[in-house]
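We just call them A, B, C and D in the order they show up, numbering each chain from 1.
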């Protein structure tokens, strides 16, 4: 029983952090309608993931499920359809403890205007991303075509990482950003940084043409 | 008397939901000045509709009227001039229990730039709309020319539905969106989805020209 | 003494309304830095006007002065430098009891892109303006060149009204909107309507070019 | 001991002002992720500066350090990496008691589109800046290339001031605005004014091309 109690408490704590992150994202208009999904790694090998359906700006503890490494919840409730994308990241990147997927207009539009990558360069705010110490750098954000077959999409992400190493975030076309971090707060910081950078890129493209 | 009491209570409940929806729309700038109107179906065949005049972000229970199927309130007060558009939807679509009409810049501008329809395709967020299971779809949003003769405008909407079946929402040119759902919460979700998509479309048109 | 007390109470009431209006404008980003000024007519022939200097989103009762028809306060404090523009409106238009001057990016930019007028046509939201019963109308908003000589600028506004009759609002180039109403709430409604329409116009110009 | 107490109290007061300023900036989206830094001059020759790392919209008193004229804190904690830019301003401009560096999309994008300066002219809101009495003026905002070597960047700012006298604010390319004032409130007012003006300039460039 003592095995179970800490995990339960940890789930409550992570759920509270994901609920707060959802509210913060909603206040910036980043999780319209039922979009977005949020997760955190639990120390017992399971993951806290938002359920499919509820508005991510108004989550309750009941809307955060514990799932195993295959995305199954103990009580049979259905986690977000995109849980497989979260699990690919947790499997591949052991230092990642939180994954956030918001749904912003700038990211969505930019992903439609781009080929297989968005390159961010020269921005001071790139230094808010982990491991970036100077603005004088190119950060590549891969853009994957959207796919309702989540295992196939997760495999494409995995293959890209095999070829290029892990990025700091990726875009799914017409869909939005995935980014992550060592904890929920760090992942939320990376969301703020990427969404700022996508907004800048999109505004640049609206005025900077010949 | 027991016939009347439940209906009265239901009106209070629906009014509270419409008041909350108005506040949520206002927080996103979607009901400027006196614009917008909101309604819900009552189980006794009547409808709760916002009155003409008040700001939709600051409604009180007095601002929500019960009207019959002809748009007449028992006490002679005047419901929104556009009540006829709500009633056409309730008559035609028995599963619809709430109709929302916000007034956003993006929807207004996009409707002026478009012909008789806006086609939304490829967006993941389309899946927030009822019956849409994949991004790989075209959702047609008809655009009707504005008309101060509401019965004539309602008849044009009806005729379009005769030809094409019911859409998931429609635009009135230079005026804004009508959308609906099985309850107020669902209708509000559809507003958030459509306004996000219109914002994306409009931003795409600002940068994506040859 | 009974002459004075009601007027004092009326000043407190109008000040409270102007303070609330300032907060509402600030929440929408319409009174940045020290910009904007707000006023209301008092029944004793004086006017409540915001002082020069304070942030209009954080006004206190002390920041609202009572001035006479020449813009002089009894206690020698300095009302907004643009008080003369408010007084021209109150003299000319006896039914106007409140004047608001916000300071929005869209109005500022649009006034720089326009000649001596902005013409708004076809928008349903025009019906939020007094006397407008249909979208099928042209509303002319005159644009006056900015001038630090307020009496000269007020005279140009007066002359325009001699030629064309009173508009529903006017723009000062690179400066912003003046609009008014039968009370503070009505004037605020007109601000919301005009700023929405200017935002739409500006967005149209960003995409609608050949 | 009486020497120390007043300084400690002053630090608490300035920290509270900087915390409030950070919240105000965050509410407008001007300090995303870990960006931005804020400072105030203390009467004992030291400076209150935000620490490196925390989100500037959620600062606590612990996140504001007292540093000496070389940027060293007594307890060895690390002030913002850009403290050297704040100190250059305090050394050069004895009447400056607060310096704010926000991080807005419009400033970032505009700095990438501009050469070595942005010229703001004709805006009424320029009068919110100190010493500006008319809209009929050109305000030059120098744009410096970004540099991770803060002493070198500070020297370039110093050299520009040697040649042109102090500006009212400056931009670092792809990075954002520095501005300042006689106290935190004044500096915040200048941030609001500049960010409004940059937003106007950027929107003008999106529509005003031949």
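Following the convention adopted for this analysis, a contact is a pair of C-beta atoms (placed from the backbone, for glycine too) under 8 Å apart; a residue touches a chain by one contact, two chains touch by 3 or more.
Quick caveat, the model's predicted, so the values are computed rather than measured.
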How short can a path of touching chains from subunit A to subunit C be, counted in steps? 2
Rotational angle, Cα trace of subunit A fitted to subunit B, multiple of 5°: 90
Looking only at residue numbers at the subunit B/subunit C interface, is the share used by both copies over half or under half? Answer same or different. different
With chain centres taken as the means of their Cα atoms, state the distance from subunit A to subunit D in Å. 32
Centre distance in Å when subunit B and subunit D are each reduced to the mean of their C-alpha atoms: 45
What residues in subunit B touch two or more of the other chains? 206
Mind listing each pair of touching chains for me? A-B, A-D, B-C, C-D
Of all residues in subunit B, those that touch subunit C in their complex: 29, 32-35, 55, 103, 105-106, 108-109, 112-113, 146, 148, 172-176, 202, 205-206
The answer for subunit C against subunit B in the complex is residues 28, 122-125, 128, 133-136, 189-190, 192-193, 195-196, 199-200, 203-204, 206-208
